[in-house]
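Shared between the two complexes below is chain A, which has chain B as its partner in the first and chain C in the second.
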Partner chain A sequence: MNKTISAGLGLTLAAFALATAKETITVKGSDTMVILAQRWAEKYMATHPDVSVQVTGGGSGTGISALINGTTDICDASRKMKSAEREKLKQRFNSLGVEVPSARDGLAVYLNDASPVAELSLDQVKDIYTGKVSNWKDVGGPDAKIVLYGRENNSGTYVYFRDNVLKGEDFAPGMQSLPGTAAVVNAVSKDKLGIGFGGSAYAKGLKFAKIKKDASSPAYEPNGETVKNGTYPITRYLYMYLKSRPTGAIKNYVDWTLSPEGQSVVTEVGYFPVK
Partner chain B sequence: MRILPVPAQPDQGTPPTVNPQSTPPVPPPSLPVRKVLTMKKPFRAGEYAIEKFIQSVAIISLVLIGLIFVFVFREAYPLFTGKVLAAAPQAQVEEAETYGVDPGAPDIVEAPELEQNQENFKPSSLVGPSWQPVSLDPKFGLWSLLAGSLKVTLIALLIAGPVGIFAALYTSNFAPKWAREGMKPAIEILAGFPSVVVGFFALVIMASLLQNIFGFQYRLNAFVGGVAMALAVVPIVYTVSEDALNAVPKVMMEASLALGATRWETALFVILPSATPGIFAAMILGFGRAFGETMIVLMATGNAALLTASLTDPVRTLSATIGAEMAEVVFGDTHYRVLFFVGALLFMISFSLNAVAEFFVRNRLMKKFKGA
Partner chain C sequence: MKYLFATPLVLLALSAGFAAEGDSTQPAAPAGTTLEEAITNVKGQVDGLNESYLETKSIVDKLAKLKVGGYVQAQWQYADSLNQASVNGGNFTTASQERIALRRARLKTTWQGTTSRYVMEIDALPTGLVIKDVNAQISEPWLKAFSLTAGVMDRPFGFEVGYSSSMIELPERTRGSQILMPGEKDLGVMVEFAGTDKMGFAEHLNVKFGGFTGLGSALAENDNEKDYIGRVGISLPFYDLNLAIDGGFSGYLGKVTNSTGKVSEIGKVADTLTWVSLAGKKALETYDRNLMGVDAQVYYDIPVIGGISLRGEYWWGEWVSVAGNTGLYTLGDTNGVTLRNVSSWYLMAVQNIGSKNQLAVRYDVFDPSTDVEGTDIAKAKSSKLGVNDAAQSTLGLGWNYFWDEAVRFTLNYDFNMNEKVNSANPANNAGLKKWSDDFDNNQVTVRMQVKF
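Moving on to the complex of A and B:
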């Protein structure tokens, strides 16, 4: 009797020890990337039962500060790390961090299905979002006010759009900030006069504006080819950041995400592979 | 303190030898004395512990409120002393090394990192119409946020006030017993409704509905937020007004009815006016709730920091600003401090409103009925 109990106890303990001996990789950061990161983690764990990958969102900024505080192994970011952040990482770990471009994303400009506008130049998008142009008729649409939708100012997408499309100018104060890309998509799909921006993976029930680099160049829609060969003008990388060059289980995981198998997940989710 | 020598007091207390009563005073029977003594201090450890425990819980909640107060103000304080964390000098830090990059892939040219204008923050910059905290030239004007909060609150009160008060008047004066017993809990359940659910309902369904009815230019706007907020405010207005209406002495109603007034006249012209201070308190508490509510406005108002007079423009409220921006702000910088200042502002507003409401109920209402 006693023996069976102690044997059972021993077995449970051993199982426990085994479970804890499992290699754990924590991933934290960008909300844009959270679906991709989860899909990667699921697929990877299915073939590597000895590794557990834990994914949480929270935003690029949250992920980077977690990396600096040492509470995450991998940080997902939809923007490049800022020099101030790299500086902090250097003070803490004497390392500038390692950047792994792991997917490409075409940042789409959303229009309602009913909108007669099909293509916009980068300058027009800039003028619309800075408030210089506030009527659709100035960009080839009906005589009606443009309703601007965007992301909250804490998102990496907001900062990317400000720096790369608005060239550092402020968004018009009339822009409605919505929490999350899904909310922007939902709003534009319900608003005939709406315009929004966000990742091209999310769009359901609306159309993408074709974007021209400048007034005379051809317009491109964000799709696998244009994002991959760089002709779509609002293309960005989605990054993973690490404290130092990956080793062991983390290296295996990162290498796997960059492998053809990992990159096929990128396409499944709706982003574009880096290779 | 110096102890003074006590002088002898010859005049007081005659010496016992001169006492007319020759017999010494009879001591009282010993049994009752002992009984009194034993009943006086029955020390029970358990009771003592429970008493102290309850006391400490009460004190802890007081201390916690005090600490929150101190914390919020302490975090906002450096704005006014000019000791906001200076941004790290934008020294050119080397690039991070890259890993796993395919050299053949066409590169993406991203804009170089743009520098933020890091001028010293002055308290006067809180006064302004423009809220652009993540701009390259940050602006922290609070007017548009304050106006947004006031707009939504006003609309919510204009809807919830009449609804709550008339519902309370109905249940306290007209409703049959079964209706009263059903209505009161039903409305109070509304108070416990998670505000994120109300907000989501407003975002997905109510916004489209109201846009179709009124033809709003913007689907999400102050009006939609206000209507959704009214759902959260009605229970407060209702509960407090109902208590105030029930506190009106029965004799007033009886006297009015005896003089030939109908029940409606009695309710509207006798009972309602007598309960005015309590109803006023209800409105103020409703105002406080609407002003501080975050989730509903975050989801339903569109969050654009506009300073306009129109009630159908999108607005950004003080509370939604904290809710949306606090999670990602850099700890200790100007934006962080300003958000704490906004929190302190909300705290002070709701604190003073609650104090005013309390004052009205305690003093005015009680005085009125007790004739003090």
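Moving on to the complex of A and C:
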């Protein structure tokens, strides 16, 4: 009888522990999205105390590797997954993965507040970052060397910028690769001759260059209107990737990020909603 | 840039200064040092650290191009009988029907430059060191779609041959794949086109074509003949449906040089199907080794359960093997060659259940002599047909458990089946008696894999 009671108590405690255990969702990836992901997590956990959302950065490439290895539930990425990465996901999970566009971003070109340069064409940005133009005087600035700041190659922002702005060409070897958009912003804000690129949500202590599609087009700064209507020429989606169709707590969380409440966080952080 | 690093370092230096106040082991600042001098000192230290950081970074950037990976597969197997022939880890000995084995112990080093790549992979087993991949690759910088690879690499034939041994869902590839493409690798030169994201429909295409020695990875070329192997593959993703349909056509056009004039093929002697020696053949003549292959894979993400894939592959053609066996013929073998028509096929399903578990089932058939029925073997005492002419099939059932990102456990059961030989006259098949029925030769495998 005692054994029966003990077993019953044990089972009850185990059931109670299971029932009260916090569901943990891990999110890993894009440094561009890390502030957004943290704000989402904080707001969501405030109203869903039974769920713990753990956010880490590391870059889109790192997040995608973690998704393929099965060490994260959600991967944040500021670029699309490459076909080779999809193939790896197929091999491990027999699934193409699920892509969830969760915010829009105008990829900004950062200039120091003191820089006399106000606008650049896409070709000029390309020439600067591929090293064909290395002096500010060639793009309307002072006679001084341009100091290039950028991201490391595991960054989705790095890949997006290389593929879409540099048209697949390599960055100039002299570019200083920094481990996060915040570091790029910090560097450009302290360097009068510096130029950088990154998410438009990071805007403290510097200015955005207005960007022209070509030499004869009007120049635009990334903001809600220009990103939404497509007149700002460097826009991209920010994605969440999952290894398969989400269920349970993960589905509820992803659905919430796309809800009006979740998308209001996107705007608060400085990005643009997808809907 | 230097200011970026200066900020935290100045704070660090200042905090270290405060911490050192009560620490008698730290040298005290010289009396009379002004704040300006102290800042100059710190700035000098920061500049030094910055310089050191840039040096270290340039070394780290070089090392980042070098990737090292590998895996070990340790396993225990149990067979139905002593001395059991097996394509799952090799034949058992006359004294064993269960064994512990190290199946694979790979170490792969890859250096990836901008337009070039170096790969070396070895298999370090108790039985010796085996070279798997050793190749150099260059790729063009314009379209970034074409590459040229030279060295030892996977034969570009079919789907299963190029599928990583660390990822295969059952312990081994199919019998047909192991016999016709042993070790998967060959020495040669290959051109590959892999469509990129900006090529429209061509992004879904993958074309590989190369010339190989046809001798596998362990032998140097010994004749002028090349085996030309290629595959045209397509991969169609339907992201909205969580569905992908992949497939390919493969071709293998090769020649084998025979050291001797001994050649045999299936023929009839007095109405009895048997191996017949061909007359008038001379040494150093060549014989065709041609295969065709078609493969297809479908991937679908089933809601709640997980991803499933359905795969199938069919190979057929004419093959040149050693006398009396299905093994690859190599120059120098004085027993001559046998010419045979072969076929190999399988159907497979793999179902993921959540992110930790995976079930796999595969049925594969290898027919080493498609001109021969089981009932032709041992039909007449004069027939030279043997067990190496009987088709064999395997139903493999597997369960994979992914402990974490590095560790996988596999439990597998193989139901091995054979084409039944003629039993009408037992006197004709004394050595083949057990083959007149489906004899017991099933096998269990328990495997642990650690991959990094």
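Everything below uses one rule, namely that the second predicted complex is superposed on the first by the 256 of 275 C-alpha atoms of A that agree within 3 Å, B and C clash if a C-alpha of one lies under 4 Å from a C-alpha of the other, contacts with A are read in each partner's own complex, and residues count from 1 in each chain.
By our rule, contacts are C-beta pairs under 8 Å (C-beta built on N, C-alpha and C of every residue); 3 or more make two chains touch, one makes a residue touch a chain.
All of these numbers come straight from a predicted model, not from anything done at the bench.
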Exercise. Kindly say whether there is room for both chain B and chain C on chain A in the superposition, answering fit or clash.
Key: clash
Quiz item: Now for A:Gly174: first (chain B), second (chain C), both, or neither, which partner does it touch?
Solution: first
Quiz prompt | Which superposed partner A:Val147 touches (first chain B, second chain C, both, neither) | solution = both
Practice problem: Determine, under the contact definition given at the top, whether A:Glu225 touches first (chain B), second (chain C), both, or neither. | Solution: neither
Quiz item: Once the shared chain is lined up, is A:Lys243 touching chain B (first), chain C (second), both, or neither of them?
Solution: second
Quiz prompt | Greater residue coverage of chain A in the superposed arrangement, chain B or chain C | solution = B
Exercise. Would you check which partner chain A:Gly70 touches, where first means chain B only, second means chain C only, and both and neither mean what they say?
Key: second
Self-check item: Touched partner set for A:Glu42, first chain B, second chain C, both or neither
Solution: neither
Quiz item: So, does A:Glu261 touch the first partner chain B, the second partner chain C, both, or neither?
Solution: neither
Quiz prompt | Which of chain B and chain C A:Lys82 touches, first, second, both or neither | solution = both
Quiz item: Is A:Glu99 in contact with chain B, with chain C, with both, or with neither (first, second, both, neither)?
Solution: both
Quiz item: Which of 23-31, 221-229 or 257-265 in chain C clashes with chain B after superposition?
Solution: 23-31
Quiz item: Intersection of chain A residues contacting chain B with those contacting chain C?
Solution: 80, 82-83, 86-87, 90, 96, 98-99, 147, 168, 170, 176, 178, 183, 186-187, 190-191, 245
Practice problem: Spell out the part of chain B that touches chain A in their complex, as residue ranges. | Solution: 87-88, 90-102, 105-108, 110-111, 113-114, 130-137, 144, 203-204, 208, 217-220, 298-299, 302-306, 313-314, 316, 324-325, 327-330
Practice problem: Under the touch definition given earlier, write down the residues of chain C that touch chain A in their complex. | Solution: 1, 3-4, 114, 144, 163-164, 167, 197, 203, 235, 237, 239, 242-244, 299-301, 303-304, 306-309, 350-352, 355-356, 402, 404-405
Quiz item: Residues of chain A touching chain B in their complex?
Solution: 58-59, 61-62, 80-84, 86-88, 90, 96-102, 104, 145, 147, 152-155, 158-160, 162-164, 167-168, 170-171, 173-179, 183, 186-187, 190-191, 228-230, 235-237, 241-242, 245-246, 254-255, 258, 274-275
Quiz item: chain C touches which residues of chain A in the complex?
Solution: 69-71, 80, 82-83, 86-87, 90-96, 98-99, 147, 149, 168, 170, 176, 178, 183, 186-187, 190-191, 243-245, 247
